[in-house]
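One structure is given here, and the rest of the page talks about it.
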Amino acid sequence: MGGPMAKNLLTNGHKLLVNDVVSASVKELQNEGADVGDNPADIASKTSVIITMLPSSPNVSEVYLGKNGIIEAVQEGSLLIDSSTINPEVAKEVASKAEEKGATYLDAPVSGGVIASQNGTLSFLVGGSKTGFERAKPILECMGQNIFHCGETATGQAVKICNNLLLAISMIGTSEAMNLGQNLGLDPKLLAEVISKSTGRCWSSDLYNPCPGVLENVPSSNNYQGGFGTALMTKDLGLAQEAATGTKSATPLGSVAHQIYRIMCNRGYGHLDFSSAYKFIKEDE
Amino acid sequence: MGGPMAKNLLTNGHKLLVNDVVSASVKELQNEGADVGDNPADIASKTSVIITMLPSSPNVSEVYLGKNGIIEAVQEGSLLIDSSTINPEVAKEVASKAEEKGATYLDAPVSGGVIASQNGTLSFLVGGSKTGFERAKPILECMGQNIFHCGETATGQAVKICNNLLLAISMIGTSEAMNLGQNLGLDPKLLAEVISKSTGRCWSSDLYNPCPGVLENVPSSNNYQGGFGTALMTKDLGLAQEAATGTKSATPLGSVAHQIYRIMCNRGYGHLDFSSAYKFIKEDE
Amino acid sequence: MGGPMAKNLLTNGHKLLVNDVVSASVKELQNEGADVGDNPADIASKTSVIITMLPSSPNVSEVYLGKNGIIEAVQEGSLLIDSSTINPEVAKEVASKAEEKGATYLDAPVSGGVIASQNGTLSFLVGGSKTGFERAKPILECMGQNIFHCGETATGQAVKICNNLLLAISMIGTSEAMNLGQNLGLDPKLLAEVISKSTGRCWSSDLYNPCPGVLENVPSSNNYQGGFGTALMTKDLGLAQEAATGTKSATPLGSVAHQIYRIMCNRGYGHLDFSSAYKFIKEDE
Amino acid sequence: MGGPMAKNLLTNGHKLLVNDVVSASVKELQNEGADVGDNPADIASKTSVIITMLPSSPNVSEVYLGKNGIIEAVQEGSLLIDSSTINPEVAKEVASKAEEKGATYLDAPVSGGVIASQNGTLSFLVGGSKTGFERAKPILECMGQNIFHCGETATGQAVKICNNLLLAISMIGTSEAMNLGQNLGLDPKLLAEVISKSTGRCWSSDLYNPCPGVLENVPSSNNYQGGFGTALMTKDLGLAQEAATGTKSATPLGSVAHQIYRIMCNRGYGHLDFSSAYKFIKEDE
């Protein structure tokens, strides 16, 4: 996700200082004109706006709070924007450490997947102070279309978790409906079209249909390559589960969805797009 | 549902001959200019286009195939349109009996609920012959906005079942997300707005949000009165379950959704709109 | 199932007249001394006690009510014992047809699986009149250990459905616990032993543990060969689902269990013993 | 739980020094001859064997690692036995702090509930060193019947989590079967008796049947008073969920069970025995 986001910043005339554990990713951006930092602390000491995009909570803890991490060297007045999807509690911890150093931390997870990332049409779900949000907005607009201020620190994460909980459920629901419909003799394109104009309609059925051949240019029509991996969705549902247990919120379908994606991961679907739920549910693999 | 549909036919200049087990419903239409038939057979003997809207499969069997039923007296060449949501197997049986009498049967269940019924903006999901469909279309357009030909006999029912399966799942998913979000400190209107522009968006979140106060003029903002009753949704999920078991289709979330609405019915939510899933899931009743 | 049951009758000195669509099964019994009937009606015309063991409701309808079926030729006063697991409604229908002919029908499904069938230690769950039950009891005791009178017609099926619903759930639950325990570092034999002396104990954990190597002489220790096939369990859960929907009974875990076995069937586990739920849930196939 | 355990130690001739946040509990033991310590540290400084029984992980962290906690004052060579059900990771942390002070920590959660606690028939599931276990065994035998050594530190917690996961599932499964059976016309006592001799049998059906009137002296026959509270079972399932997500273990039924108990808590069943799942599932409350 980070690569296309960085390219959109470059395209919009921003200067970049980049770092990644994958050296190929760094080289690719270097070729496009970015400079390279030694490590997070090095970058923090040289710039006043830092954007991070990392796989999970422990990575965020390490990059911000660890040795050679951002907080170690962050300058007073810096703006820190973390676009990772992580545990809201970790976001709160990093925000508090940033504040101690006089810096502003925003949690700003994204919605839309790799394609929206490439097209600069991501949604950013931003948690943190209003002034921090206003400062970040023009930068985020280089990479995204909808920039939402969700409230205080960690509310960006909260919205992301809730959206993905619903997305995860809708995708399996769409898969069940598309599979059942075909088993009842329906043409999948017709079924998808009718649903898209009826009360069952959702993003998963309209724009990202999991049944191969219904839509072009979606992962399901490309052997579930690209898109948003099942393993990542499973991780997000783990965060939702943790948040639900912590707040004593009931999420019956979310929990079953979590388990279905978990079983999919255990059976080799982890690297396929999460719309492969259709493939998992369908009779013939 | 049948009442507003009949009124829209009257408004569009059609003459009506009506019958219902609830005499108040008949009287209401009589006041608007409809004539009254003694029973289904009586109506079948006097008209060439018949529209039925009944609660469940046994009622359809009775009204069509029972004593004083439609098939008993149907005229050759008549067009029979059944807008009930029923077991596709029953639709096939009635269609076959109609064919024996030289009549054409279409299954044409609707989507959109009472409000769409009143506004004449229903979707009709029509199964049956192409010529039957073309003949029915102008009539259905008096009552609905989207008239879909779904394929052969019973495909209208199949599409309806699939749509409502997905709708039932999305509504509970939306309820879980809206409840979790608030427990994480989010404002429900903001959450609904962001979801409506993100990948979690669905009809249940955008146009029929189950959280009271988010949208006006939806059942959730009116104590879950009006709309589509939980008992009816539970019935539709029973049909989905039957169809899924019959075709050996897996519907894991659909099955859990069925059970949740079942438990809701058992606890007094049967007459509330199905968006009361939110109320059921939330902590304080 | 029918084969070993018939052999136990022969062993106990009964004379048999047999019929099966699989000619090898007939031949095997012929070699052990059984006579062969042409078809169900032929057998019904020559004997006064008939025992049937068939795969599903439609087979029972056909063998009893179809052409050359039992009811066609049944003698007044005959005793009909059906040990198939079927829809209670079908049992009631057959019982009523038998009664019209002056014969007594008992539904008498079994519990215990192939091994109990071979050892003559089956449980028989009998529904029907008390006098019918008393007449059947000495015959059933040749094949089983526990002969229960469950009440009126179809109560044998009802008990069977309830028992297998609970069994299906317990087996998946045991599989989850055994798998989680190992992932937490526990020795599976120790875990099974402690559970067997604690509140989690159940038949699935104590006598039929789904984790290979914990018990000898169970399907899990023989690549899930033999035992009670996943496809049959899925069929029984379909009956449970139908009964639950018909009586508006909530079965949340039963429904999820049904879907899990359904997905297993769709992925090639249908012929494996149902304890292969463990294999399905575990990480490495 | 702690009260009856302490009384059984007194009965067996042990001297006790006790502490509890609930002063009435302390007073009750004082009346039976126990001495009272000021706080955990005070007790740790005066005794060499300490047994704790606390509601949840944070309480254990506080009592062992907090101010005036056990570790602060523990003597070299002391034996620390924690019978709380907690997160295995917390057990590992406390064990490591104890080891630094030269003390031995065992996790020793119990199974059997309040009744077994009173009767001295608890099961103890012990994790930690073999020598620690041998030292603890005679003490634990004053309070329990089955003392299991489950392996290294935290394996007691792991076994407890797995057992209760299965128990939670079996109880809901039993409730579904008992309710469905009655709706199908079965006598609940007969159904329970047949299941207890069939493959569906489990502790929940045989010894703790959730249907009122089937067994005497169980919570279901006493308005679900006493026993093991739904809120506590929900907490244990939260631990199971955390352990499952952490080890990427699929627990589909466990997750649904967790959600059902969660909804029960949210609807006022938290203080009822967990067998009130039957009451929750049944039609008429």
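Note that the chains are named A, B, C and D in the order they appear, and that numbering of residues resets to 1 at the start of each chain.
Here is the rule we go by: a residue touches a chain if its C-beta (ideal position, glycine included) is under 8 Å from a C-beta of that chain, and two chains touch if they have at least 3 such contacts.
Given the structure is predicted, the values throughout are model-derived calculations rather than measurements.
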Equivalent interface to C-D, taken from B-D, A-B or A-C so that over half of the residue contact pairs match: A-B
Centroid distance [mean C-alpha coordinates] between chain C and chain A, Å: 49
Centre-to-centre distance between chain C and chain B (centres being mean Cα positions), rounded to whole Å: 39
Shared-contact residues (touching 2 or more other chains) in chain A: 248-252, 256, 260, 263, 266, 281, 283
Category of the chain touch graph - line, ring, star, complete, other: complete
Interfacial residue positions of chain C with respect to chain A in the complex: 256, 263, 266-267, 280-285
Chain D-touching residues of chain C, taken from the complex the two chains share: 88, 111-113, 123, 125, 146, 148, 150-152, 154-155, 158-159, 161-167, 169-170, 172-174, 176-181, 183-187, 190-191, 193-195, 197-205, 208, 240, 243-244, 247-254, 256-257, 260, 281, 283
Partner chain B, residues of chain C touching it in the complex: 238, 241-242, 245, 248-252, 255-256, 258-260, 262-263, 265-266
